[in-house]
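Shared between the two complexes below is chain A, which pairs with chain B and chain C, respectively.
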Partner chain A sequence: MRRILIGTSALPDSPDDSKSSYKGSSRSRLFTVLGLFILCFAVLSARLIDVSLLRDGGEPSITRAGSDRPGATGRADILDRNGVLLATTLRTPSLYANPRVLLDPEEAAKKLTTVLPDLSYNVLIQKLISKRSFAWLKRGLTPLQQHQVNSLGIPGLGFLDEYRRIYPQADLTSHIVGFCGIDNVGLSGIESRYNAELTAPDRLGQAISLSLDIRVQNVLHNELSEAVKTFQAVGAAGVVMDVESGEILAMVSLPDFDPNRFSEANAESRFNRASLGIYEMGSTFKAFTVAAALDTGIINLKSRYDATNPLRVARYWIRDDHAKNRWLSVPEIFIYSSNIGAAKMALDLGGDRQKAFLDKLGLLSPSTVELPEVAKPMWPQPWREDSTMTVGFGHGIAVSPIKIAAAIASLVNGGYRIDETLIRGKSVSAKPGDRVKSVSAKPGDRVVSAHTSKMMRALLRLVVTDGTGSQAEAVGYSVGGKTGTAEKPGKRGYRRDALISSFVGVFPSVAPRFLVLAVLDEPKGTKATHGFAGGGWTAAPTVSRVISKIGPMLDVMPIREKDAESHMILEISSEEENLEAF
Partner chain B sequence: MIGMALVIAAAAGLFRLKHEVQQLEAELISLDRTLIEQREAIRVLNAEWSYLNRPERLLTLSDRYLNLVPLVSGQFGRIYELSEPARESQRAERNVGVHR
Partner chain C sequence: MISSKKIDPMFGRTDVSLVGRWWWTVDRLSLGALILLIVIGAVLVMAASPPVALRLELDPNHFIYRKLLLVIPAIVIVIFTSMLSPGVVRRIATIGLAISLVLLFWTVIGGTEVKGARRWISLGGLLLQPSELVKPTLAITAAAILAGAPVRKSRWAHLITAALLALVVGLLLMQPDFGMAMVVSGVWFVQLFVAGISLYWDIGLLLCVGLVALVSYLYLPHVAGRIDQFIDPAIGDRYQVDKALEALRVGGFLGRGPGEGQVKSVLPDAHSDFIFAVAGEEFGVLAGLIIVMLFALVVVRGLWRLSSEKDSFVLLSAVGLLVQFGGQAVANIGVNLHLLPTKGMTLPFISYGGSSMLAMAIGMGMFLALTKERVGSRNLNGWSKLQHYGAMNQ
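So, the complex of A and B:
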């Protein structure tokens, strides 16, 4: 370059060669700089054209991505099977203070207690005179309270929006839906069991549908509350279940609480008797003894047992509450709830087969219901001969009401094991790749034969038409069921004054669709029940009222008495003759 | 020269575009804000709807304002049961006819 420039100079050998060469070099520098500038501008313009004309709007829009995602509240809703809202998240303002900015803590505290009366002055003043720069005063204010606090005009107070869990159905579903703590982490019930799913970012806004039907839940809740009041019981539990799928339509535990104010509830009312409580259920267990004995073929409906005298087992006597003091046929043992007969039947069955049968029904393992509050059942260890006899009529073994419901449902639904569930459609969503794993999509393992199941339906119906459960009848719904009355264990043996009275009913008994279980804890007899507090006097009428109210809701076509009886007579005619023979 | 003209044109174009985008983004943000507010409002209304439709409350309201009682099984019937009285009345008419 330099060489060329020199070559083009006019006077190569002139005296001012040095000057000329200087001139040449300055020009060359100029051109260099110019070239650089042109290059830069070219790059810039290319970039400009590229940015303004050629680039399409393919860049992600930041604001859109930030605000349009569903369920920005961070926790999905919980619905019942018909889409009724059971739990939702709302934005609520929370009040905080900056004590450093606060001018007059005493006056501020005094003013605040006038609009927020549930705050105590002493606690407030403690918070307000502290040296910190942030203190929560009250969380989850209503819009009205926010307005009132604002109009006090106290400097140093402020609001932060927070999301708060709201339970519109209040105490109706307290034990099932459960509740969340102040920081929206599930602490009990479905809220705790499905905490991860409810907050998972990839399925935000996707509500969880429970199997509950809020109308059925309400009926069960009302009737059980009524029974608790009438019989002055300390508590109650109830379940309504679909016997085909195991879906729980209603589950109640009394006393209960308002999950919106869970901190005010005591441990007693937070306790879920239906799934976490385990009870010796008494005579209800005779259904399992009879079913096992019938299914293994060691007895048939015409077999008879001697129930003339009480039976001695170890230190105890086994007596009958409704003693007939004679030989009883199998249907009679069942409908008069004979302990002696059931004990002898259990002996014939044998401890191993009895235990295996109860295990097959799921009675020896904790419930698989979708709640964190489930209890392990308790049974005699070792399982001796006297245990076999007492378990035969439901003593010495304690299980949760929800397991009893599922086990009885498995006996009457045609003989298939079903597992109780609180999630709607869990038992039918067998699509491959479905998130919710199917528990009993197809009929589960067979526990008894279809024939045994049919005999059990007939026997359960007989208990209501001719036995201890007559008060459970609901006109048109052909109720079948079994009473249960058990003394609660105390410090020294069983307490005669404290009973667990229950009734488990299925309807319509010809082809059962639903099961209703009512358990009353320590009911007291009334004048109307002649002082009796057993299952047939207290729980059975409750079940009857529940069934007559939920039958129409659940599309169960009432059966004319004539039709129903003719069906039943067909099935039990042989035993009827037997009964009359005595 | 042409390069200069292009640069100026592109700069003007970019400026316009940026301005438009800013306007659109402001609009988007305000729409998003409205969307969130409306969603919140819907959530509140849903919760309120569920609260007002508690079975317990409906029951008291129905007791107070409606003359309704719970369904009982006797109120259901099958279609063939309807034909019975119709047949009876037909028979009755015929009998009346014979007597005349």
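So, the complex of A and C:
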């Protein structure tokens, strides 16, 4: 039996070695270890099969990376009030090269330019022959381009996923939604104002819903663009607002830009005229003068002012554009837009009350709209008597169009202050067209009495039926409104040739629901307008077209005006008529 | 009966040369499994390492050459070491422990710092990791001390091994190398457990381990981070684990095929700690199961055979070596399968790593040497009894 080895001589060989203390329990404990190992290996095998064969292939192991589910992209979407996508984030591949691995830079550059024609061969070759190990070639490729580059089969090229902000509505919402820089940090508009909320980890995937209605926005954008083209204006601004809630359904500033290519936009087109621009709005302000005067009771609709002769204020003459050269009643002053009448009315009202009233309407503070681009209004300091007169017809005070819209809406909605907002459902009356029946239930502070508000509706309607705003009429929608034409200030006084022409319209004027404001910057008269470029000739028809198109969208039922307006027929109390009566 | 009819005496039962005796006494199944693991390791490093080498700006075949350079020596070491007798093994281990302790000191003082830890020393252009060598030598030396002590002095033996362990663990923590400290402590604990210390001590030691774990969790941020990541997927960087799981899922039953794997190009440790995932992706669950089964075969069979071992030294040292071998395998695969928190631990014989490979070869060679059939080494019961009767009946 030599085949069996002898154990080490140094150790005890005998089976019943009494020296060893490791007898009885040793075996059972060894089996414990053995059992634990068997258990471990069994668990490993089971887990291996579970992980690889039984696991659903689509189930992600973690919740963050590797998918495009909402929240995965690091920035929430922005939607309009009906859920239409205004801004989203997409994963896009970006092409890079590792020049060290590249075999033939010339060939690679040549091939790449065939697939990506916007890349220059010279720039490419510079990048590809460098000694670095990483060079971006093109950021944000489309899936098709990625496929084409892959098909080239060039070694040393690779893709890294990047997240890119996409604005499907392009220039339609450029000033409202704004844009993000290359690092996806909001730089303007809602993107900037709500940057923290859009990127907050605890609310990722929760889109921000704007009050905007992209259909209305589209109509306003089209009509303003058309007006800019027709009247060769340098720019335009427009607002559509729910007069009850202050929610902005559309806000346009022209010229605009494509936020997807924000770097190509110039400062002029990035400028938001609707909220950041401030303008002397002209006659539109007469609505505030008249409303304040009526509300304080210093005049009534029968009151008259002498507008026979121009008025001398300091170095200037106040003249009427549509001069009647006679005494005018309050409705006449309003519908013929008499500067002389408005100035005298403002004098009667007094500077303090005038200023307090404008402040109550919010016209003396920056807009509260949810955009970083808001401007402070400018008003006369000190507020002297001549200031009172000029402000009475909208000169010497410059405010942003969005504030004008909110202030007019406050006058006609029953007389309570509303604040303009771009966020859906922020104000109490959330749904568009949600009629708030009781005046006392209005959320904002009262600015004028319900009676004054009713008179203002009638006066605004009168402007369209009998005054300067006749071209704003939209059949069935009973438009009321006020024209505004102001000369732009130049280096030496006001410029006769450069106007800010506007029209602010509300409809239906019996019980206004929506407001449409159109402002044209330096429109030129055309043959069709007989060379006139004022608000009644340029902005009013634009508002008319906007209202005819958005009325049906916003569920405003067309009405037979004679029936609806029978209760608000207003006597113009014209001297002419009185003379005729004699 | 086989040998008597064989004309060629080579490897016959009657062959009494050194090699012949070795062949008939060594556990050939375990030997085969170990050699198979080494070969599989070579294949997997071929598959997994080129992208890693490229990332490190080395020759793509860098790791492959170095691994292949080690495969033959490793096999030779396993075979050669397994030829030694238990006494020689003990002596070599004791001397080896002394040498590796010196090297460990040296590492702490003048080691090469890699990724913030001093674990390597440079010996003639070769980077050595002395802590790998400590593991088998400490296990065998501790076993010798435990086995050599008379019953009434066993308490002293326990204390001596504990002191030795404390020294080694202290040196390892100075590097720092928590994983290695855990392995040597675990091996020592199992040896003591099998040696039969009272259950109170077992429980006390386990409580100590729990306490140490709690203290590390509370006071060592990177330990806390690892555990938190393991428990809550949303915290921190689980990149490697997630990629490993994805690789296994993509691999399916038969894998994507050799070289077709994707995960190796994104996993920094594809060639070492996460090589199991690469195996799963390219060769499928089948390969993964084969690897698990090979480890299980060596460990379970080894422990089973030891159950009838009478020699305390052989029993304790072999248990120590097996626990180290099996424990590291379980820990590594467990991390790959996200059953355990991330812990840098190599898969024995398969992961890339020269020191680990050679030390493991020495350790498992010694294991084979210790578990060779010897006269009177077994209690005659169970299946071994039958086998012996069978042998005698021939």
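Simple rule for what comes next: the second predicted complex is superposed on the first by the 449 of 582 C-alpha atoms of A that agree within 3 Å, B and C clash if a C-alpha of one lies under 4 Å from a C-alpha of the other, contacts with A are read in each partner's own complex, and residues count from 1 in each chain.
As a convention for this text, contacts are C-beta pairs under 8 Å (C-beta built on N, C-alpha and C of every residue); 3 or more make two chains touch, one makes a residue touch a chain.
This one's a predicted model, so the numbers in the text were calculated from it and none came from an experiment.
**Q** One more residue to check, A:229. First (chain B), second (chain C), both or neither?
**A** A:229 contacts neither chain B nor chain C.
**Q** Touching A:491 in the superposition: chain B (first), chain C (second), both, neither?
**A** In the superposed model, A:491 contacts neither chain B nor chain C.
**Q** For A:530, select first, second, both or neither according to whether it touches chain B, chain C, the two together, or no partner.
**A** neither
**Q** If you stack the two complexes on chain A, which partner ends up touching A:48: first (chain B), second (chain C), both, or neither?
**A** The answer is both, since A:48 touches chain B and chain C.
**Q** Pick one for A:37: touches chain B only (first), chain C only (second), both, or neither.
**A** The answer is second: A:37 touches chain C but not chain B.
**Q** Output check: A:26 vs chain B and chain C. Expected answer is one of first, second, both, neither. What do you get?
**A** second
**Q** Across the two complexes, find the residues of chain A that touch chain B and also touch chain C.
**A** On chain A, the residues that contact chain B in one structure and chain C in the other are 38, 41, 44-45, 48-49, 51-53, 61, 63-64.
**Q** So in the complex, the part of chain C that touches chain A is made up of which residues?
**A** It is residues 13-14, 16, 21, 24-25, 85-87, 90, 147, 149-151, 154, 190, 193-196, 233-234, 238, 242, 245-246, 248-249, 251-253, 280, 284-285, 288-289, 292-293, 295-296, 299-300, 303-304, 306-307, 310-316, 319, 323, 326, 330, 333-334, 337-339, 372-377, 379 of chain C that touch chain A.
**Q** For the complex, which residues does chain B have touching chain A?
**A** 3, 6-7, 10-11, 13-14, 17, 25, 28-29, 32-33, 35-36, 39-40, 43-44, 46-51, 53-56, 59, 70-74, 76
**Q** Give every residue of chain A touching chain C within the complex, in rising order.
**A** Contact set of chain A toward chain C: 1-15, 17, 19-27, 29-34, 37-38, 40-41, 43-45, 47-49, 51-53, 55, 57, 61-64.
**Q** In the complex formed with chain B, which residues of chain A make contact?
**A** 38, 41-42, 44-45, 48-49, 51-53, 61, 63-64, 67-68, 72-73, 84-86, 88-91, 166, 168-170, 172, 214-215, 217-218, 222, 474-477, 548-549, 551-552, 557-558
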